[in-house]
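The first chain written gets the first letter, and so on, giving A, B, C and D; residue counts start at 1 in each chain.
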Amino acid sequence: MDFYYGLAQTVGIHTLLGLSAYIVLLTGQVTMAQAAFFAIGAYAAGMLTVLGGWHIVPALGAGAVFGAATACAVGFPALRVKGLMLVVATLAFGEGVRLFFFNFDYQVAKGEIKVGPLGGEGFRQIRYFQEHGWSTGEVMLFIWVFVILSMAALWWFDRSRYGAVLRAVGEDELAAQSVGVNLTAVKVSAMTVGGAVAGIGGGLYAHYTTHIEHANFNVLLATFAIAYPIVGGLKNVFGTLAAVIFVQAFLIEGLRFLGDWRNLLFGALIVAAMNLRPQGFLGGRRA
Amino acid sequence: MKKIAVAVALAFAATGAMAQEKTIRITGFGAKSGVVRSFGINSEAAMLAAADVINKQGGVKLADGSKAKIVVDFLDDRCNAEEGISVLRRIYGTDAVVAVGPTCSNVAEPLFGILQKKVDDKGDSGLQMPVFTDVAIKVGLAKISEWAFRNVPNETTMYSSLFYWLKTKYPNAKTVFGGVEEDFAHSRASWYAVMKDRAEANGYQVLGNSKWLLNDTNFATQVREMKNANADIVAISAHPFTTCGVLKEMQRQGVKPKVLVGLTSSSSLETLQGCAKQAEGMIIPTSFAPITKEGKAAAETTAKFKGAADLHSMAAWENMFILKQVIESEKISGDKGQLQADRRKIRDGLAKLRETKGLMGVTKRTEDREADKPYLFVQASKGEWKVLHNPL
Amino acid sequence: MLELKGLSRHFGGVRAIDGLDLTVRKGEIVGLIGPNGSGKSTTVNVVAGLFPASAGKVFFEGKGLEGMPTHKRLQAGIARTFQNIRLFGQLSVWQNLWVAQNAPEDHARRGFFARWLGGQSGVRAEIAHLLEFSGLAHKQDELAANLAFGEQRRLELARALAAKPKLLLLDEPAAGMNSEEIGQLRDRILKLRAQGITILLIEHVMELVMGVTDRIAVLNFGQKIAEGSPAEIQANPLVRKAYLGGA
Amino acid sequence: MLDFLQAVSDGLLFGATYALIGIGFTLVFGVMHKLNLAYAAASIGAAYAGLLILQVAAGAPPWAVFLCAFLGGGVIGWLVYLTCFHFIPLSNPLAPLMSTVGMLLLIDEIIVHVTAGMPQNYPAMFDDVMLRVGEFTLRGDLLLVAGVSVVCMIALLALLYRTRLGLATRAVSQQPVAAQLCGIRVAQVNAMTFIVTGLLGGIAGALIGASVGALSPLLTTPLTVKGLIVTVIGGLGSIPGAIVAGLLVGAFENVFQQFRGVTERDLYVMLLLFAFLVFRPSGLFKP
């Protein structure tokens, strides 16, 4: 059973990553920076539980706050660039954050061994779950509490006026401005909410893998972050969840028996999915 | 209708009989896709070859005296941390008694992290599954968990012996300059914690080192640093792709040190295929060369399973024979009910081992579940790795 | 209500508007007509704040609009419709109106929480009234993109009204309409004036302009060549020449 | 002081490879406004295709390999167009972005499978030529690359601004619907432009392989990131801009590698990009 719990944990963590991109994509901003907020959440929460000895929940809260704060800081300059320029700017920001953690050393002696992030060699022993005797099943439930909370919040946003305004900005910024929508507030708030969700996801990821290093948060992860909502469709939050299940559960785990052919199929199936359902599994922005 | 039911029943009985013959499952996992795909292919081939040899000799003796065939399957983790973890959990769910792998050090670190740290620590809910690593070579990983064991060369002793030997062979070589693949965990640890350390310990003066990244392609400034340092010995702690890049740039800038030293993982076909001319004369300590009788036999059998024999895949071959020895010495029951008890016995068996018979001679096993393997120095000459010196 | 003083806007060498003076008093309906390319739409865009004026000033209720962003101008009371329809295609009719509820009192009456995250209950009455007014009540949950052309025009007008504006800039609202629809539009504009909304109407369809405006200004190559009651403008030779060419 | 000069000159020369790939990116992104993240992978794939000729005629000279890569690039370019852009309606702008990501993964994995992940030695021209001016050295093969990128620039500028296909390409990229109404067969023009960029990618991949001396799938991600950065700094759609930006980024990177070490080098390239995004978002030359 452990394997299925583990798989459910991975799906949960990647759903949080996908949701963080979902809300930003609603406003029409194609962002490749979600992996950076994910990394910030991972390192922040990891350091707090390992070095600071915090309980996991406040540590995740801090991860969300750090993620949100950075996202907010990125949100403002991001207003100045559109379309491809935004893609490149956020991609460069993501690489910048990855390189920051590549050079980031902060070790504290705990007992006889030194613990904490050590630049290129990464950050070892983030074993909060194991040390506190949480079984794989309990960890899965814990992760999915956050996933369901985030999905409920975003579902609520979607049904509220905020959701309509987000989509209006995504549709036609000029028209939205003309009916009185404050573009800056909407786009930056979407980026901030995305940053918070990515921060939580990152914090959980750090404790799931127990060792994180700069290479985990590379360009490919940033691409996956936007792949989930796009492949799944931007109609609602379940699109992202469906895409995460398609990629993580079916493509990566389900086809594992194919051995090395699986990776070949991986790219081909994404291309096929996009050609068959360009608007995403659950329908989406364009009828 | 009745006739069909009878036929079906018979069929079941037949397969039932055939299944009487017991099996022991050993599951390997490693990178069979992605850039280090060749390591995964070779490890799988070596494991299948070893299992084939063992099964031909009658398989392995279980606690109740019956013989069991070894069944090997191999899962691909794409050299990715998350997949390594879910692969191990998948293996934990099968009837495999031990997992052999992974290939990449950046997978081994998180993997050993989710294992139970101390064996009988009830408070630690980490996975209780013995993992016997064949390839991931970064120094000091096994101490992360008492369920993790490694049969990988101990780079510290190898490079210490190499620098000691170089002292005698090239007495006028006094200075060393290093080159490090800064963002690859294994290469980085092997320079700072191993080569630099051991060189200084053997009286060499380390003038410094230049750094580059795993997928760098322009080494102009690094090689110029080397040129300015003008050291007698240049030690490159990097994998084949960038090693070749640096060697070609050194040729362009006319940098010709007296002695060229390489990283253990670069003593493979890849380096020779990439830059045989420039790598001429490079000396690398390695824990395998097909010079002993068993070594040659192992290499031939592995080749039959379409795998190349190098220090990594031959470690997988040795793992299989060590596990056979442990299964028999620890009286593994082999029946599905006792699975967790069997796994615990294998763990304890591996922990007890102080010596194992390797392809190159006796391998000593250390207190913290690492291996101290016999080694030798190979040198690249005319497109082949030839044995230069066998210190043992 | 609205005063343009020496307003100019240049794109590179082209002088889209060149020193335009125009005043629109409260409760009035002023028409702005002129051949294509005479700067009508540019005037609307400058007043709405899409791009800054190259020279001259725009005053609204006595206050200068220098540097005020579009959404602030909307909250000050200036709403506009677009020449080519720019609805939120993938949002429902209801949502299109819901998004546009940005009038100052909307902000004051409901705190941040209710305004952004509140459900549909609080605003149902206002939007129902707007839907009734523009005859779209039966299409409430239909996607804007799926509406017929006439309905889309009406939704665009309703969306501009959702912000309870004081001044309404109509950019060729009758374009592509048949005479029956123009009749309905005229009634609707007159009803708006009855509610006290000032209107600046940019239009080609003379049938509508002559029938509903109090005063008309005529633009040609960015300059005002005539101003007066609909009757005077019809008789004015300069206007006829500008329209029929040979200016 | 000599070190600085040498670092700048090496950087400039190596920047020529960035310029070469930058031209292709500029054409794909700037002129055709298509988000094609598989471009760098296709170029490296084309370089690998160049090696096939060695299987056939073992002693083939380097230029034959380059020619084969050139043609291979065209074929791969066409395949990318077919799988990522042809069948996806224009109303879903994000779907092609994702299918190019799928193609990126697919091409990478095909290369890994064919070569079992081993780097392939790549023939080079003039790679033994080292112009020495006292202590100062200039690499012959990189001068060739610089020359070829200028030639490519001239050829492309001629094609874009002198030929009907160039006119049609720009028309299709700006107003696909309007172009169709004017009788331009949009599908055919798009296919042709993808083939042209593919051909260019083939040369770029081959020469990059030659300058590095070996080909490996490791090259694709950094090339994609650098290609995007060069496109933005050079000015979206400006081909001369791409060349100057390529040289600038190459020099900048090499100088900082000399004085700040390799771990911080890429951080400074990102800062350079941000400086351009903030102070001169339209890039070096307006197209």
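In this section, a contact is a pair of C-beta atoms (placed from the backbone, for glycine too) under 8 Å apart; a residue touches a chain by one contact, two chains touch by 3 or more.
Here the structure is a predicted model, which means the values were calculated and not measured.
*Asks:* Roughly how far is chain A from chain C, going centre to centre by Cα mean, in whole Å?
*Replies:* 43
*Asks:* Using mean CA coordinates as chain centres, what's the gap between chain C and chain D in Å?
*Replies:* 48
*Asks:* Based only on mean CA positions, could you tell me how far chain A sits from chain B in angstrom?
*Replies:* Between these chains, centre-to-centre, one finds 34 Å.
*Asks:* How many Å are there between the centre of chain B and the centre of chain D, using C-alpha atoms for each centre?
*Replies:* 37
*Asks:* Mark out which residues of chain A touch at least two other chains, giving numbers and ranges.
*Replies:* Residues 102, 120, 260, 263-264, 285-286 of chain A touch two or more partner chains.
*Asks:* Among all residues of chain B, which ones touch two or more of the remaining chains?
*Replies:* Answer for chain B, listing residues that touch two or more other chains: 33-34, 37, 41, 182-183.
*Asks:* Could you list which residues of chain D touch at least two other chains?
*Replies:* 109, 112-113, 221, 263
*Asks:* May I ask you to sort the chain touch graph into line, ring, star, complete or other?
*Replies:* other
*Asks:* Could you run through all the chain pairs that touch each other?
*Replies:* Once each pair is checked, the touching ones are A-B, A-C, A-D, B-D.
*Asks:* For the complex, give me every residue of chain B touching chain D.
*Replies:* Against chain D, the touching part of chain B is residues 33-38, 41, 182-183, 211-218, 220-222, 224, 240-241, 244-245, 248, 252-253, 269-270, 273-275.
*Asks:* Applying the document's contact rule, which stretches of chain A touch chain C when the two form their complex?
*Replies:* So the residues of chain A touching chain C come out as 156-157, 159-162, 164-165, 167-168, 171-172, 174-183, 285-287.
*Asks:* In the complex formed with chain D, which residues of chain A make contact?
*Replies:* 25, 30, 77, 80-81, 84-85, 87-89, 91-93, 95-96, 99-100, 102-103, 119-120, 218-220, 223, 226-227, 230-231, 260, 263-264, 266-275, 278-279, 285-286
*Asks:* Taking the touch rule as given, give the residues of chain B at its contact with chain A in the complex, in rising order.
*Replies:* It is residues 32-34, 37, 40-41, 74-76, 78, 81-83, 85-87, 89-90, 92-93, 106, 109-110, 113-114, 116-117, 122-127, 144, 182-183, 185, 188-189 of chain B that touch chain A.
*Asks:* Touching residues of chain D toward chain A in the complex: what are they?
*Replies:* Residue positions touching the partner: 29, 33, 35, 37, 83-84, 87-89, 91-92, 94-99, 101-110, 112-113, 221, 224-225, 228-229, 231-232, 236, 263-264, 266-267, 270-271, 273-274, 277-278, 281.
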